[in-house]
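Quick heads-up: structures coming right below.
Common to both upcoming complexes is subunit A, partnered first by subunit B, then by subunit C.
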Partner chain A sequence: MQHILRLFILLVGLFAGVGSYAADAAPKLTTPDDLGPQIEQPIEFPHFRHAGDAKDGGMQINCMYCHTYARRSMVAGIPPVQKCIGCHQSIESVRDKPRIKKLFEYWEAKKPIPWKKVHDLPDFVRFNHERHIQRFYFQQDRPYQEVCGYCHGDVKKMTVARRQKPLTMGWCASCHMKDHPISAHSTKTGHGPNDCFTCHK
Partner chain B sequence: MSVSNLLENWSKFRHTHPVEDKGHPDWEAYPSDIKWAMAIDLDACTGCNACSVACYAENNLPVVGKEKYSHGQAMHWMRIERYWDESESGFEVDQGARFLPMMCQQCEAAPCETVCPVGATNHTEDGLNSQIYNRCIGSRYCSANCPYKVRYFNWYDYPTTKDVWPSPMNEQLNPDLSVRSKGVMEKCTFCKQRTYVARNNAKTEGRPVQDGDVQTACQEACPAGAITFGNLYDPESKVAQKWQHQQVELTKEKQDKDKTEGNRLRGYRILEELRPYPSVMYLERVRESAV
Partner chain C sequence: MKENDFNRRDFLKVLGWGGTAVALSGCGNTSIQDGQEIVTSYVTLPSYVIPSIANYFNSTCAQCDAGCNIMGRVREGRVLKAEGNPNSPINRGKMCGLGQSGVQAHYNPDRIRQPLLKGQAVTWEAALGAINDKLNGVKGEQVAFLTGGMSGHVQALFGNYMDALGSKNHFSYEAISPAVLRVANKKAYGMAMPRYRIDKARVVVSFGADFLGAWVSPVNFAQQYAQFRKGTRPEGRGVLVQVEPKMTLTGANADSWIGIRPGTEGMLALGVINALGSAGIKLPADIAAAVKDYTPERVGVNTGVPFERINKLATLLKERSPSLVLAGDAAEGYVNGSQNALAIAMLNHVLGNVGKTVEAAASVPFPQIAPTVGSRSSLNKLNDGLAAGKYKVVFSYGANPVFSAPAAMKFKDNFVKADFKVAFAQYLDETAQAADLVLPLDSAMEDWGTVVPEYMAAPEGSDADTYAQMSFRQPLMQKLYPDTRGVGDILLALLKQRKADEYKDFEDFYSYLHNAVLKNKVALGGKTTDDDDIFWDETLSKGIVPLKGVAGSVSAKMSAADLKLSPATGTDTNYPLRLIPAVSASMRDGRNANEPWLQESPDPLTTVVWDSWVEIHPKTAAKLGIAEGDIVEVASKSGSIKSQAYLFPGIHPDAVSVPVGYGHEGMGRYAKGVGANVFSILDPVFEQETGELALNETNVKISKTGQRVIIVKEEGPLGGSQDGRPKIAVQVQADKVDLSKEV
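Our next item is the complex of A and B:
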């Protein structure tokens, strides 16, 4: 009897322990459909309308028109409200749409839009947008939608962006180990750095 | 490294000079044109500790306090060592102490690298001795094997320890490198975050890294300008010229200049005879009494 009681206490303790661990655990890396979590943004920003192809009713705006810093900085950057207003103040046709009204509310209140981060890397990782854009967009002359899409997926078909790739170290390394041509006009190839210290800080 | 790999490549292991053997799989295909190195002029150093303070600020180092310091748990990546001249009558205090700024010497044949059980510390292509905090399991083997004793262990989870970064000091933590957690070894990185930016900018502009593109935090703070930092492979760089002028060579454990008697060159590297091939050259202090 004593033994059974002890076993019972042990099992209860074990389940309680595992249960409490699971409750504290960080949100899962992958959701049932294998993508990042659905994130609710303050304004449901239609990427497909801005960046999408003309045949799908998009404006084909270059990603780097709004995410300006991608080509010259570590981070791609979220555009300031000013940038949105810059165009939208002279687009009368959509002025009465609920999202645009909300946008102008932020503008008139002089408040930034509290966008939530979709592609969030851990703090110990150093990822550099500039290097990737310089390499694939400027040196290799590949289309920007393809270049940004390597990591961000087909944003031009999304409304609110959702993480498409795992963004794990193995996933980064799978590309870094491949040989890519150095530039569009060169047959020489090279691959990404494989030093731990380049990306881990 | 498996045993079979070790046996197959035995000849290579035995015959490659540690400085030539980059231990880097890409080295032959993409040799680096950068080797970060330093020169510290002890004649200029006044022992003011500004370098150490700058390092604390730049590299998110915890200030552990008096008690933990006395337990040998200080986290100063850059420390000023004091040496007193001794004579028969005791210490010569009149002349004051000799100061020696000591930080990771970024050895080419680093003793710490070979003993790490998980490969958390290894050599980068630009000649740094890297420390990967995520990989480190805290065996402290590297620290035991470091002849300079410049590796520091996180005995506590300092970010959550009271009064390490009391508000608003936590606001000044540098986002360019992580705040290390408990159980991780750390050490000077030659301000990796700064060299990274310099290399990145140079690459975007399509030019090699020039002298003066990057300054380490300690160099920037030194009021006497005692610290020179740069690319040793660039013959135009100040640090390379200093090394050359002092006839100190990276690949030698015994410098030629030391063989000639009455040599008045001041350059030397610490514990060279152990053959770690350190990347920091010191310029000896000349006392008035010795002249």
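Our next item is the complex of A and C:
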């Protein structure tokens, strides 16, 4: 009897323990419209200013001008502070804006900016930017904003980025199962890999 | 069932329910963690750095003294793995397991992170101040500096510091080194470390030189060996004969393994020369006279090698020329060790190998950076001085004598007699524990330096006889801990205490090195017109600086006059077995014992992990009633250790073997208390000419303690049915094998 009692206590403990861990660690659930939470960043970076259309006051800079590693590496990369300064040191008109002042404070202190990660997949998932960019941007010749937008949404209309898509496995797989043209000049199609080890290695 | 029993079945039940619990409470949540982690971007970034893609930086391995050139794979500012530098004539793009573990020396959790004065963390100012205080009023001859093997610009700086102190008491110590061989080689060939060309030989007879495992420059030799074994080679596939009382990795690879009686290697060599004479090789008169008495029949009786095998060996050597005969640890570690080595070297002369497979090596043109090699005889001198109270301040860097000196030398007792002991250390090893002040060192992956290897391998080509090289060691990543310092930086700071003016221009060791290299730009392969920065960057990125070395020469003749082979020392009836401390490829002298990969990688022959063991011949074990896993006590006149018995046919029945490097009392979590320290029970018997500790001259007795363990090893049970696979058909059972009769 005592034996069963002990087992029972252990089990209740386990449930409680695991449950509370899950409750603590669980991120906020995706909102019904698939949006991620608003995230406060050290500098409220205006994506719409940089990447937005000219008619909306944007400068139409290619995403990969700053996120330059996306086409060459697994990660898209947050640009080094040097890159921001490279342009902003000669843009006098916005120099007194609080955001730019803050940027220069980091630069002068030679401190990196502690950006919060917005699109953070679990550690057991390997997502490769390079493969996707090579396939859709270079081979299929689609517009970069569309290609990046598959996963990141319409960043050119945002200030700081906010997650727009669920980024769950089911969501990834739903696109991988579709047939896509092999290249811009081909009628052949193929779908993305569906092997477990492609992402989980 | 007992009241408190919580059996396996219950445990599995809970595990099952627990899994359900996880599933229920975890399900439905995405594990995408928006805004939880910080992604730190760089402030500035060289254009060749791409996050997630690794860069390789050339450096030099610090795990042993071979000085292999390596490349560190660095990603996002962290070094992940080392690879061999393909342009290196030493390791030719390859590396060994010991070298691979270098990253574990770097990321080791047991590294010292702050200077420790009498066990208390202090600042560097206080630590260096304490040294300055203690040195004031102390005469130069009262200061002693113990180091391991050294070379390059750190050594140059070190020499300057000793001069500044007015001290000549530099003791260079290596626990395991070919010190006897160097002396014998000097006599036999005229140089301490000629180049051995295993790749050119048609037959190699190695007297206990474990050149594939732990001898001199194993990665280089392993590459040569691969060539040697190729049937497509013009010389044809080579034949390897290994003569040694305890089988090493090289012995296991040999075509023929001769389990000789310990200490009679030199006699066998003379027996082979005698047999060669009988077989028609013309011997010089003095050599013929010297070997006259060593007939194969007589040598056979003394060495335990049947005389037919001696004749066969002579025939093999005669027919397959050029050959190469090597003398290694197993032949050196005796009272008559250098005579053994000389007799073996004489074989090379008789066979005409000198100049063909024993080539002259060049030396670096700058004596200040040429390697200082260590030996055990210098430790004896230091120990005597300490016992006599001659030294007030003692420094120790890159050596751990408290661990590796035999207990009978009472080194620790003598060491603590000195007023002030300073240890430069990466771990709190036994010597650092006994020191008053411990200075935490950078790892070899954080530090600057240059390395000149003792064994100077050369690339193929006409200028090989003047090829010498200096290798760069550069930081592969930023320091992990802010309060560790490189050895060069510490020496520079100490020098500034003595000669502030002379060194005021050098902010740190990097600037000293930078300046020294650029000053000698032309000698280091540059042109006077080269831009300094470009020259420096290119030199660093190559990692290897070829130098026009001073060509050496090997003497073609050797006189037999030096050779007076004294008989091997006999056994003691109270201690009937000969102890052979084994040097394994991964553990070596134990300086890297706190790297778990090395503890975890199975010994190549016994597959034992995470412990030391006592190798006993099955016949001897049967006589003593010992079975595998018995905890036995190995007792010598100087002490005893306990370890697990491992029955192994690859050892002479009159010998037992225990690996060195285990049994640390400090150092860190992976080394402390693992195995037993066989150095501690060695008798203080010394080689008669060099004064080196004769490692194989300890006689022991073995007794059972009554305890038994299951040995953790990889091999299956006898005759092997592992994982339900069918039994392998065995012709001879493992405990019946006599490897000395095989082949």
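Please note the rule applied: the second predicted complex is superposed on the first by the 173 of 201 C-alpha atoms of A that agree within 3 Å, B and C clash if a C-alpha of one lies under 4 Å from a C-alpha of the other, contacts with A are read in each partner's own complex, and residues count from 1 in each chain.
Here, a contact is a pair of C-beta atoms (placed from the backbone, for glycine too) under 8 Å apart; a residue touches a chain by one contact, two chains touch by 3 or more.
These numbers were taken from a predicted model, which means no experiment stands behind them.
Novice: Just subunit B (first), just subunit C (second), both, or neither: which does A:55 touch?
Specialist: Neither subunit B nor subunit C is touched by A:55.
Novice: Quick check on the superposed pair: does A:114 touch subunit B, subunit C, both, or neither? Answer first, second, both or neither.
Specialist: second
Novice: Return first, second, both or neither, reflecting whether A:126 touches subunit B, subunit C, both chains, or no partner chain.
Specialist: first
Novice: Examine A:72 and indicate which partner it touches, taking first as subunit B and second as subunit C; both and neither are also allowed.
Specialist: Once the two structures are laid over each other on A, A:72 reaches both partners.
Novice: Is A:190 touching anything from subunit B or subunit C once the two structures are fitted on A? First, second, both or neither.
Specialist: After superposition on chain A, A:190 lies in contact with subunit B alone.
Novice: Would you check which partner chain A:201 touches, where first means subunit B only, second means subunit C only, and both and neither mean what they say?
Specialist: First partner only, subunit B.
Novice: Subunit A residues in contact: does subunit B have more, or subunit C?
Specialist: Looking at subunit B versus subunit C, the one contacting more residues of subunit A is C.
Novice: Mind sorting out which residues of subunit A both subunit B and subunit C touch, each in its own complex?
Specialist: Shared contact residues on subunit A (touching subunit B in one complex, subunit C in the other): 72.
Novice: Subunit A touches which residues of subunit C in the complex?
Specialist: On the subunit C side, the touching residues are 3, 6, 10, 13-14, 17-18, 21-22, 24-26, 29-45, 50-53.
Novice: Which stretch or stretches of subunit A touch subunit B in the complex?
Specialist: Within the complex, subunit A touches subunit B at residues 72, 123-124, 126, 128, 130-131, 134, 190, 193-198, 200-201.
Novice: Which of the residues in subunit A end up touching subunit C in this complex?
Specialist: 2-3, 6-7, 10-11, 14-15, 18-19, 22-23, 26-30, 36-37, 39-40, 69, 72-75, 77-82, 106-107, 110-122, 163, 166-168
Novice: For subunit B, which residues are in contact with subunit A within the complex?
Specialist: Result: residues 24-26, 30, 122, 124-125, 128, 130, 132-135, 175-179, 189, 192-193, 196, 200, 203-204 of subunit B touch subunit A.
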